[in-house]
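Below are two complexes that have subunit A in common, paired first with subunit B and then with subunit C.
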Partner chain A sequence: MSRALVTAAVFVVLAALPIWLESFWLQTALFAMAAMIAAIGLSLLIGIAGQLSLAHAFFVAIGAYGYAYLAGEGVAPLLALLGAVLLAGLAGAAFSPIAGRVRGIYLGLASLGLVFLGQHILQNATGITGGYEGVAVEPFSLFGFSFSNTDPDTLVILGVPYGRLERLWYLGVVLVALAVWYGRNLVRSRPGRALATLRDSEVAAAVMGVDVVRYKAAAFTVSSMYAGLGGVLMALAFGRIVPESFGFVLSVDFLVMVVIGGAGSVGGAAAGALFVTALPLVLNHYSGSLPLLAEPGTGGVGASEFSRFIYGAAIVAVLLFARDGLAGLARRARKERVA
Partner chain B sequence: MSQFISLLIGGLFLGAIYSLVALGFVTVFKATHVINFAQGSVLLLGAFVIGRTHGSLGFWGAVMLGIAAAALVALLIDAVLIRPVRRADLGTLAILTLGVDILLATELTREIGTDVLSVGAPWGSDVVEVAGIRVAESRVIAGGVAAVLVAAFAAVFKFTDWGIAMRSAAEDGETASLMGIRLNRVAAAAWAMAGALAAIGGLFLTSFPAAGVTGGVGLVALAAIPAVVLGGFDSPSGAVVGGLIIGVVSVLTAGYQDELSFLGRGLGSVAPYVVMLLVLLVRPNGLFGTKEVTRV
Partner chain C sequence: MSSRLVGSVAVALALVVAACGKGGAEESGGGAGTSADTVKTGPGATADTITLGYLPDLSGVFAPNGKSQMEGANLYWDAKNKAGGICGRQIEVKVQDTGYDPQKAVAAYQQLSGDVIGLGLVLGSSIVSALLPSVESDGMFLNFAGWTSDILPAENVAIAGTTYDIEAINAVDFLMSEKGVKAGDTIGHLYFEGDYGENALKGSKFAAGKHDLKIVEQKITPADQDMTGQVSAFKKAGVKAILFSAAPPQAASLAGVAASQKLDVPIVANGPGWTPQLLKTPAAKALEANYYVVSSMAPLSVQSEGVQKFLTDYKAANPKGTPSSNGSLYAYAGAQIADAALTKACENKDLTRKGVLDALHSLNALDTGGTVAGTLDFTDPSRPPGKLVYLAKVSADAPGGLKALGEPSEAADAQGYEFK
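Let's look at the complex of A and B:
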């Protein structure tokens, strides 16, 4: 009962937030939400299924560009969203002959190939992706209500004009909530337990009747679909997407989010995503008032570099001192409070 | 035809450089079971030190210092960060080195900024021409150095006490340790060697025909990963062969770019990864890797 109450309270607060937040914070939050969804997918793949992937940015790109293309071709935005997620899932399934056969670290390194292949395709398939110039993303709309600055042209709630960012905020909150809910259930479901067994011992899993190849492929597919959904939201938040945003760096970012959050934990992945996405943006926003940080190009430590230092150090610290990440720390804190 | 042969030879020379970097990966993996993503930034560090100091120390002094710096940093990564968590699983260790790579690469890229540092190599931009085939002199030297180093590596591995210690540590760490082999020392040596190899690879990757030391060189070194995966992660000879294949493939695809234009521009940089994916599809453990056998 109290749990439901807390959840309800959280949603009320989330629903009210756009009234106060400035556009910078809304934009940051949208990027973070997109990253959260994709990071949850990767966390399930790494923590539950035990498959390391460096290709996550590739599937995020498929979601983002898939939506941009479909919606650009005049497909209804909701269908375009579903289509993009499906497309990412199909790409994941197509990779599964490799994912199913190649184990552990080989998989991680093989998936590295996909990121570079993806970059190549994005740069060259100019008809669909617009090449390095990128492509504009059609705004999302639902039942005639557009998540942009028009249609309805003016929407004022409690004296606050609700533009594109405010409206997208709600879409983001709903999508993240769905992603968390589905992820939590998946972990506790029969397939989730099968995957966890697979992670701990393939032999044991096979003996228990788990179809190893099929489950591995399925895990990769689900994780890719998460990436795809994250990609769609990212595309909507950007408004215009370019190949550069979906390179090797993004893949590493996702890995970092999962590690910092604690692999296998849905909430941890979301927290990690928030940290990794928001840190450089927030530091950059306040770089003028932070005496430590130098202007870009002056040779000092700039905001983007400082945030990379912090999160490089965070990975090292987490892996050395708290292997199970933020989720593990939270778990331990809770235990201590009970005891 | 002559274009093909000259591309092929150019590719083999480039591949020789990748082989060196790849050999470093494999050495570290065999000795400590770590996939070392920091190899790229250690390579950049070596090249950076050479680029910064060759003015004051002279080229050879700078090369020595660069190699020493890279070896020392690699050794420190192992001793300070990897050793406490030696028993962790592969993925954890790999991500740990990725974190180190982020730190080191960010600092180096910041130091370099938008500069392009020259490594000041005495062979400059000379080109060797034999029977109508033109190859940059630095690449020929790289090929020679790589051949010597690989041969020396193989000999050391095979014949010296140190090589035997290393092989037994890779085979079965626990038994080796019971036999009095100091695993930490073997690990330190392997890491230092990988660092030195990376620095030498970095020197050649940044001298002519490449522009010089830029922040992006660390990413170029990532191309050694397909080489290692191709060869099989635990096979030194596989690393060498994989390096050569990657070199040839990337030079050939770049050279025939116009004929292959339907596949898009800039094919040379992705071709290694495509080849890696194709090989893994057929041989999940690479060309020369040990097949994983599961015993119940």
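Let's look at the complex of A and C:
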């Protein structure tokens, strides 16, 4: 009962936030939400199914460009969103025979190739991707309500004009909530336990009657669909997408999110995504008022360099002191309180 | 209990909203605020300051260039402010680092956009592409630190000079008139995948079609550092000259490898293919022998009033710095363009974003004192504002390592070139 109340209160607060968040914060939050969804997918893949993938940026790109292409061709935005997610899932399924054959670091390397393949396609398939110029992303709309600055042209709630970012905030919150809910249920369900067994010992899992190949493929597909959904939200947050946003660095960032958050934990992945995405943007935002950081353009250690240092330090700290990431820390804190 | 809690949360929220809701903050600044001197102002302009946003790359792959650009911009605006500013207002520069990452750039733009009248500098065409929808809906001008004609037509974007394709057409013209390349010959074009290289390739293909030349294309990415394979391909094809639309690391490799393979042909590069640091590489000798640069940004050895003033001021402000055409001089020229637009807008008594944009498009013969070749005409958003280019040869003795070859010029072929 009180749990439901807390959830309700959280949603009320989330629903009210755009009223006083400035556009910078909304934009940052949207990027963070997109990263959260995709990171949950990778966390399930790495933490639950035990498959290392460096191709996550590739599947995110499929989601983003898939939505931009479908919506641009006149498909209804909701269908374009579903289509993009399915497309990412299909790409994941197509790659899964490889994922079923190689393990660990070898799978990481095999999947790494996809990122570079993706970059080549994004740069050169200009008919669909627009090449280096990128493509404009049609705004999302639902039942005639557009998540953009028009349609309705002016929407004022409690004296605050609701533009594109304010409207997208709600879409983001709903999508993240769905992603968390589905992820949690998946982990606790029969297939989730089967995947965890698979991770710990394939032989044991097979003896228990788990179809190893099929489950591995399914894990990769689901994770790719998460990436696709994250990609769609990212595309909507950008308004125009360019290939540079979906490079190798993004894949590494996802890996960092999962490690910091704690592999296998849905909430941890979301927290890790928030940390990794928002940290450089927020530090940049406050670089003027933080005493140690140089103002951009004046030389010295700037916010961007500093956030990289924090990143590095956070990863080292997590690996040394909290192998199970933020999620593990939270779990231990809760246990101590109970005891 | 529970309903009381919900109730108190609701009341608290209502209070917070009433107290610190962001309101229509952006609109209130955007109204027709008329100050004492009856100049209409909007976001980014008050009675005593005008604020410009700068979005360079200070931590990504182009960080050295970005830092150099901020030196040039600060140099110009500091001097301007000392001289009384524009329209009786001081110029404030707000800088946000993009790290050459579109995501960071979009967030940084959201942070700046409410407070600035326009963007004094944005580096990277992928960044400009990502920002363009917002920039257009906010109606501000944007100084693009790049020279690609793919961005045209763009109402909001100002390019300093002419574009890579026109530079390449001029490069071919130079090769044919000065370097003995004849109809029927083969020339190589080494270029980057992406806006810069592919835009230049459009120009070289156009010129080649006009003069019955054959172009051998070699497409590379910025990650490719060793040009041995490309040089071999050029040698096999028997090229008489090489056009180069990539970055300095590739230039060093190209010139060095070509010299060692005895491929002794002129190399003509676009502006971004040169940096004075190249003279400190082992390829310096080969570069001095065969390397030329065609660009609308002035080589620093040009004896024009604007360039000389820039050089003296730069040396005074940064005794240890190295001025560069694409870095500090570009940002300096970009500031000249913004200055001209703002001054004109002030004369029109309209310092709103739209007023500045209109003022920019009314400039038909902006003279930068030679920092950008020729005069600039911003009246037609579908064409680059400049037509002329500087041709320069590598020379270790010249400032910036480039010696200008004659006055700015324009190839006859360029006049028939259609953008898009």
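By definition in this document, the second predicted complex is superposed on the first by the 333 of 339 C-alpha atoms of A that agree within 3 Å, B and C clash if a C-alpha of one lies under 4 Å from a C-alpha of the other, contacts with A are read in each partner's own complex, and residues count from 1 in each chain.
Operating definition for what follows: a contact is a pair of C-beta atoms (placed from the backbone, for glycine too) under 8 Å apart; a residue touches a chain by one contact, two chains touch by 3 or more.
Because the structure is a prediction, the values reported are computed rather than measured.
Trainee: Give one of first, second, both or neither to describe whether A:123 is in contact with subunit B, with subunit C, with both, or with none.
Mentor: Both partners, subunit B and subunit C.
Trainee: Just subunit B (first), just subunit C (second), both, or neither: which does A:142 touch?
Mentor: A:142 contacts neither subunit B nor subunit C.
Trainee: Return first, second, both or neither, reflecting whether A:248 touches subunit B, subunit C, both chains, or no partner chain.
Mentor: After superposition on chain A, A:248 lies in contact with subunit B alone.
Trainee: Counting only touches as set out at the top, which of subunit B and subunit C does A:161 meet: first, second, both, neither?
Mentor: A:161 sits against subunit C, while subunit B stays out of touch.
Trainee: Looking at the overlay, what does A:5 touch: subunit B (first), subunit C (second), both, or neither?
Mentor: Touch status of A:5: second partner only.
Trainee: Output check: A:106 vs subunit B and subunit C. Expected answer is one of first, second, both, neither. What do you get?
Mentor: In the superposition, A:106 contacts subunit B only.
Trainee: After the superposition on A, what does A:174 contact: first (subunit B), second (subunit C), both or neither?
Mentor: A:174 contacts neither subunit B nor subunit C.
Trainee: Look at A:22 in the shared chain and tell me whether it touches subunit B only, subunit C only, both, or neither; answer first, second, both or neither.
Mentor: second
Trainee: Is A:213 in contact with subunit B, with subunit C, with both, or with neither (first, second, both, neither)?
Mentor: The answer is neither, since A:213 touches no partner chain.
Trainee: If you lay the two complexes on top of each other, which residues of subunit A touch subunit B in one and subunit C in the other?
Mentor: The answer is residues 123-124, 297, 299, 302, 305, 308 of subunit A.
Trainee: Quick one: in the complex, what on subunit A touches subunit C?
Mentor: Those residues of subunit A that touch subunit C are 1-2, 5, 8-9, 12-13, 16, 19-24, 26-28, 31, 123-124, 131-134, 136, 149, 156, 158-161, 165, 237-245, 280-281, 284-285, 295-299, 302-305, 308.
Trainee: How about subunit B: which of its residues touch subunit A in the complex?
Mentor: 35, 81, 84-85, 88, 90-92, 94-96, 98-103, 106-107, 110, 113, 219, 222, 225-226, 228-229, 233, 263-267, 269-270, 273-274, 276-277, 280-281, 284-286, 292, 294, 296
Trainee: If you look only at subunit A, which of its residues touch subunit B in the complex?
Mentor: Contacts found on subunit A: 46, 52, 97-98, 101-106, 108-110, 112-114, 116-117, 119-121, 123-125, 202-203, 207, 248, 252, 255-256, 259, 297, 299, 301-302, 305, 308-309, 311-316, 319-320, 323.
Trainee: In the complex of these two chains, what residues of subunit C are touching subunit A?
Mentor: 2, 5-6, 9-10, 13, 16-17, 20-24, 27, 54, 56, 58-59, 67, 70, 73-74, 93, 95-97, 99-104, 106-108, 110-111, 113-114, 125-126, 129-130, 132-134, 137, 150, 193-195, 198
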